[in-house]
Amino acid sequence: MSAPLGVAVVGAGFMGGVHAEVLAAHPRAQLVAVCDLDQRAAQELAGRFAVPTVTDDLDRVLADDRVGLVVVTTPNALHADQAARALRAGRHVLVEKPLALTPDEIHGLLRLATERGLVLAHGSNFVQSPKFRRVRELVADAEAFGTPHLARVVVRNAGPDSGWCLDPALAGGGVLLDLGCHAVEICRWLLGGAEVRAVTARSQRVRRPDGPVEDQAVLLLEFADGALGQCDISWACPGGEEITTEVLGTTGRAGADLWTGMGVDAFSERGFASVWEPNKGWVRPEWEWVRASGYVHQDHAVVEAVLDSVPLPHSPAEAWVSSRILAAAEESAATGRTVELTSTPNGLPLPDAVPGGDRVH
Amino acid sequence: MSAPLGVAVVGAGFMGGVHAEVLAAHPRAQLVAVCDLDQRAAQELAGRFAVPTVTDDLDRVLADDRVGLVVVTTPNALHADQAARALRAGRHVLVEKPLALTPDEIHGLLRLATERGLVLAHGSNFVQSPKFRRVRELVADAEAFGTPHLARVVVRNAGPDSGWCLDPALAGGGVLLDLGCHAVEICRWLLGGAEVRAVTARSQRVRRPDGPVEDQAVLLLEFADGALGQCDISWACPGGEEITTEVLGTTGRAGADLWTGMGVDAFSERGFASVWEPNKGWVRPEWEWVRASGYVHQDHAVVEAVLDSVPLPHSPAEAWVSSRILAAAEESAATGRTVELTSTPNGLPLPDAVPGGDRVH
Amino acid sequence: MSAPLGVAVVGAGFMGGVHAEVLAAHPRAQLVAVCDLDQRAAQELAGRFAVPTVTDDLDRVLADDRVGLVVVTTPNALHADQAARALRAGRHVLVEKPLALTPDEIHGLLRLATERGLVLAHGSNFVQSPKFRRVRELVADAEAFGTPHLARVVVRNAGPDSGWCLDPALAGGGVLLDLGCHAVEICRWLLGGAEVRAVTARSQRVRRPDGPVEDQAVLLLEFADGALGQCDISWACPGGEEITTEVLGTTGRAGADLWTGMGVDAFSERGFASVWEPNKGWVRPEWEWVRASGYVHQDHAVVEAVLDSVPLPHSPAEAWVSSRILAAAEESAATGRTVELTSTPNGLPLPDAVPGGDRVH
Amino acid sequence: MSAPLGVAVVGAGFMGGVHAEVLAAHPRAQLVAVCDLDQRAAQELAGRFAVPTVTDDLDRVLADDRVGLVVVTTPNALHADQAARALRAGRHVLVEKPLALTPDEIHGLLRLATERGLVLAHGSNFVQSPKFRRVRELVADAEAFGTPHLARVVVRNAGPDSGWCLDPALAGGGVLLDLGCHAVEICRWLLGGAEVRAVTARSQRVRRPDGPVEDQAVLLLEFADGALGQCDISWACPGGEEITTEVLGTTGRAGADLWTGMGVDAFSERGFASVWEPNKGWVRPEWEWVRASGYVHQDHAVVEAVLDSVPLPHSPAEAWVSSRILAAAEESAATGRTVELTSTPNGLPLPDAVPGGDRVH
């Protein structure tokens, strides 16, 4: 097994915390440094994940031999320069979205990474979300779905969390850049990556008519294969974040609501290969069913109980209680009578408090 | 870091495969043996996960020094004996549900594990499913939810997958045992683990009126604190598996549909502490949002791209394409005109095929 | 055409108002009297619907030759006596639910009505709701649904509207009587009217542990044909009224949420005769589609515009505006350009203000 | 009361049947003639509703003194001429959508109707559908909703029912005309009728790339007040007809799915005046609740039972059965025991068969 990958998080804000949380949990990654001009934020983040080095000096991070991967989560306007410095220093780089402000900046980063043989990754997380990957899988089932010809992606919230997002000098733009980069990549990916030939857009300033940037926009994408894409983005959406997709094909349709709603919703006259029965007509696709069923949490908890001597989240004594209840149920079903349970059965000492305990995660 | 935990999977059927898949992916676990009387099935499972030892002899598994944890997924009627043998051999044990056929069998296993200081875990996976844990968290928010007083759990499907489940000699019972053990544990757990004082049940034989066991049942549980629980279980449910929960509290309510529907649905007049805005009234609780957003898949893919030199699932060249589209969108929004994109921009060589590639997971 | 049916509303509370509203709109009914001890309430109700007679004396109502139908919406404890007096006076009677407090009281009314050849009707409105009738129709499609074997009916709210409902002397009971009469009739009706052979129930006092009556209950009904029925009723339900049904059959299932959710939700492997395509698998049954589509409102508005010279709710000038927009859309689709509309077309005077006007109903 | 309005239905196809059904049920309308070149269809329609006159000659209809209203449901290309002839003959006219093929044709009809003081109505039924009227009401609640700034209307199906719809010579166009006239009017109406200043559209030929007309289109409407409207229309939609709306406002949002889904879905931070509690946050608006509750069907059935001596759809003997069950439930709740019901209670003869009968509508 290779040595773990040393990671430096540059930018200790909200998204720095998210990436730190994810990478701290990866068995082959190791957080080695946090870098932010705001040293209080950097200290706080490092403390949460026991990161040894805290600094406000990116050069120091880039000179640190332990650092293999630099995660850039600073304000957008700094992305291109900081990512380029990291690549030139021979570091792999993951940049939170948007990768940079302009196509040319991004092209420069791509060239740098290619020339040096380094990994350059960008934060287009939603195309890797389990639900939307499930939608993509359904759309790609050509037998079931036919040819996709229309897609719509909605990414709306009530405005950005971080103050700098509203400062165009740091953010580099308004909602078109901030959420548009998500919506456009999701839309293209759902339609299979065909070339976009023409773009029509309209933007609005809903909440601040005199504000510096647009806070709502609709995009119409024309693809080379004749498909149409619609992207609706907004910082002016009441009622909580909405991230949804829908795709129409010649013989099927599919879509998902990331946070609410039906989950994944799909139809095929011919039947989806990857959906359990019933798999024709309107179907009910699950996703990540092993995890959704709790097997990952359960079995991992067993490993940790054994190796780390921590208690199980769900005691086997519960099975004994449930078993007594089921035995009573069988008796009740057979006799038609209600069966009462005595609370101290068999006089046997039990290894765990039964029932109860704090089983809330 | 401790040595990895060696795991033997006993029973190479469907659930043996699920646990093997989960434990093979745990960084601190290692599959060392597969045991099944059906050697073809054992070989197949071992092959999928590169497990070194295949046997049909449980004693050989229990004598293997590499084995720290035994996962029992054999027919129900064998659980008690096999788990007891493993415990007596000093092995930690995870038994797929039901832990055993009767309360006394289970009690015996609990005593054995306690006496020997071993971990005994059982397959009550749904109480560890992310969605239902979210429901439990909402119910446990007493400020928001008040006192829970009614819960309903539905576990229904179209009948068991494995042939032995319909053979009472191996299965140990009908749907009351097979799905009842899930429903009862979920119900008790959602209501906070209060003691059940009385049970009323009715069972039906819907699909085979003359069959050996019941295939549908309803249970009414009376808790010591006055709460009521309802469990509906069925092997005779058309339309696909249904696993749902709902809980009523004095000031709130919550529920979830594991596979379909609203996901998690909840209401509180006072507001849930753990829900994003809006968090009062009918709310839209997310769960595992970092994972649901794709950050786990994305960042882990970066680690693997660096350490294993495998391609990223989503190329950074996509960001360049999207950025060009957004620049066109800004121009279109500013001018009111449709902006056409040229397909070979800048004459620059690009590191990746753009657009396209097979981005389907 | 027969003479209109004269109607007296006895009880000028909330439900008196509902029945008055419905009967006032029936072309062959005519409200002739309102009777209530609370003369202010009676006057108010009579005023809303231009009812000529207001009284606090039921005998006067029963002596009035214009009265053919007496609608009883007084507190439950008065139903049996008032309905009997009306029947004895030769009047047809509609009694708001519950028809009376006990089986014997109801039996007495049935005998009276039968002996005199009078119509006796009771308020079991939900079995006549369009959504639940649609569910019943799906369940009764034996080819698609098979044999129904399990039904669940939920009727829950946050407690009764009228103060007297909480006074057992007037209400005659708690939630078992108040909402149980709905739930039980819906459940029996959904299962096709088979005989109930045994009843098991549990009740709770959730909101007022020391209150005079139960405010929550669950019922388990055992039918002679082996089917099971579940009724969940509550006055202690947070989040708004819930009235839902679900039925399982051997080859299909169906259910509905009266106020929210999927509307009517159904599945059949074989296909429902009454559902549009797709009619197999999980389907999306509409109900009252002619009305739901707006045809009833639209065409009736035309009749009234002609006969009563009132304006149409939706001016035909709107069609002209929409037509101009569609012509522009065709031009835009053909040319790829955005088409601007001039606001004063053709210099032609238009019969209506275009666009605008208050078109909100 | 005025004399009933005599109605002639011109065009005996599917929509002719719908309008005939609706108008036949109006107490003040009377179908007097059906006119169609296809005399078999005309006879069939006349037979269903007992219409006295059947003809293939529109002039004969227009010369018939009994005819006050002419309902035109012929192929689109005939609308302008037939409606104009009817108006010139002094008849009120309702024209199924589209009112005519071009803005100028429509303008001519508007002028004719205005000059003669006749009612001219057109089939824009969805703006009068109960669900969408409820959405409009929520949007118009300025205190709750703020200013609407974005609307989307989707009208999609799998293609027209009538053969002539695919013949451009009779239909006058493709999906832009056929469904676009619905979508555009709904969109404008939901946004309060503001003026549309610019239109951008794209169309596709999904199912027949070489067909004569487009079968899918998206429209982007720019309103004078800055709002944006999106209309998605399709004849190439798998999975059944989709008719949905959504509107965003500065402090609320609302939408509806006409056939499936949540029904009406809405959010307001401030609270909707017309929604029952809870009326803040995400709410669950009902619509036409008196009808949805079954009161209209129930009370009308009583009137008909009295006046026409037809049986009630739901016998009062059902109340007696339910009352017996509730009495048993009370006993069971009090004693904890299951209570069995005897099937022939009291030895009393009952007026109706109990239980059973065909209660399916």
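Descriptive notes on the structure:
Order of writing sets the chain letters: A, B, C and D. Residues in each chain are counted from 1.
Everything below uses one rule, namely that a contact is a pair of C-beta atoms (placed from the backbone, for glycine too) under 8 Å apart; a residue touches a chain by one contact, two chains touch by 3 or more.
Note that this is a predicted model, so its numbers are computed, not measured.
Common partners of chain A and chain B, by the touch rule above, are C, D. Of the two chain pairs examined here, C-D and A-D, the one linked by more C-beta pairs in contact is C-D. Note: the chain lying farthest from chain B is D, by mean C-alpha position.
With centres set at the average Cα position, the gap from chain B to chain D is 45 Å. If each chain is reduced to the centroid of its CA atoms, chain C and chain D end up 19 Å from each other.
Between the Cα centres of chain A and chain D there is a gap of 42 Å.
Within chain D, contacts with two or more other chains are made by residues 198, 200, 202, 239-240, 267, 269, 278, 281-282, 284, 336-338. In terms of inter-chain touching, the protein chains here all touch one another pairwise. Listed in rising order, the residues of chain A touching chain C in the complex are 198, 200, 267, 269, 278, 280-284, 336, 338.
Within the complex formed with chain B, the residues of chain C that make contact are 146, 149-150, 152, 200, 202, 204, 206-207, 216, 218, 220, 222, 226, 228, 230, 232, 234, 236-240, 248-253, 267-269, 281-282, 336-338.
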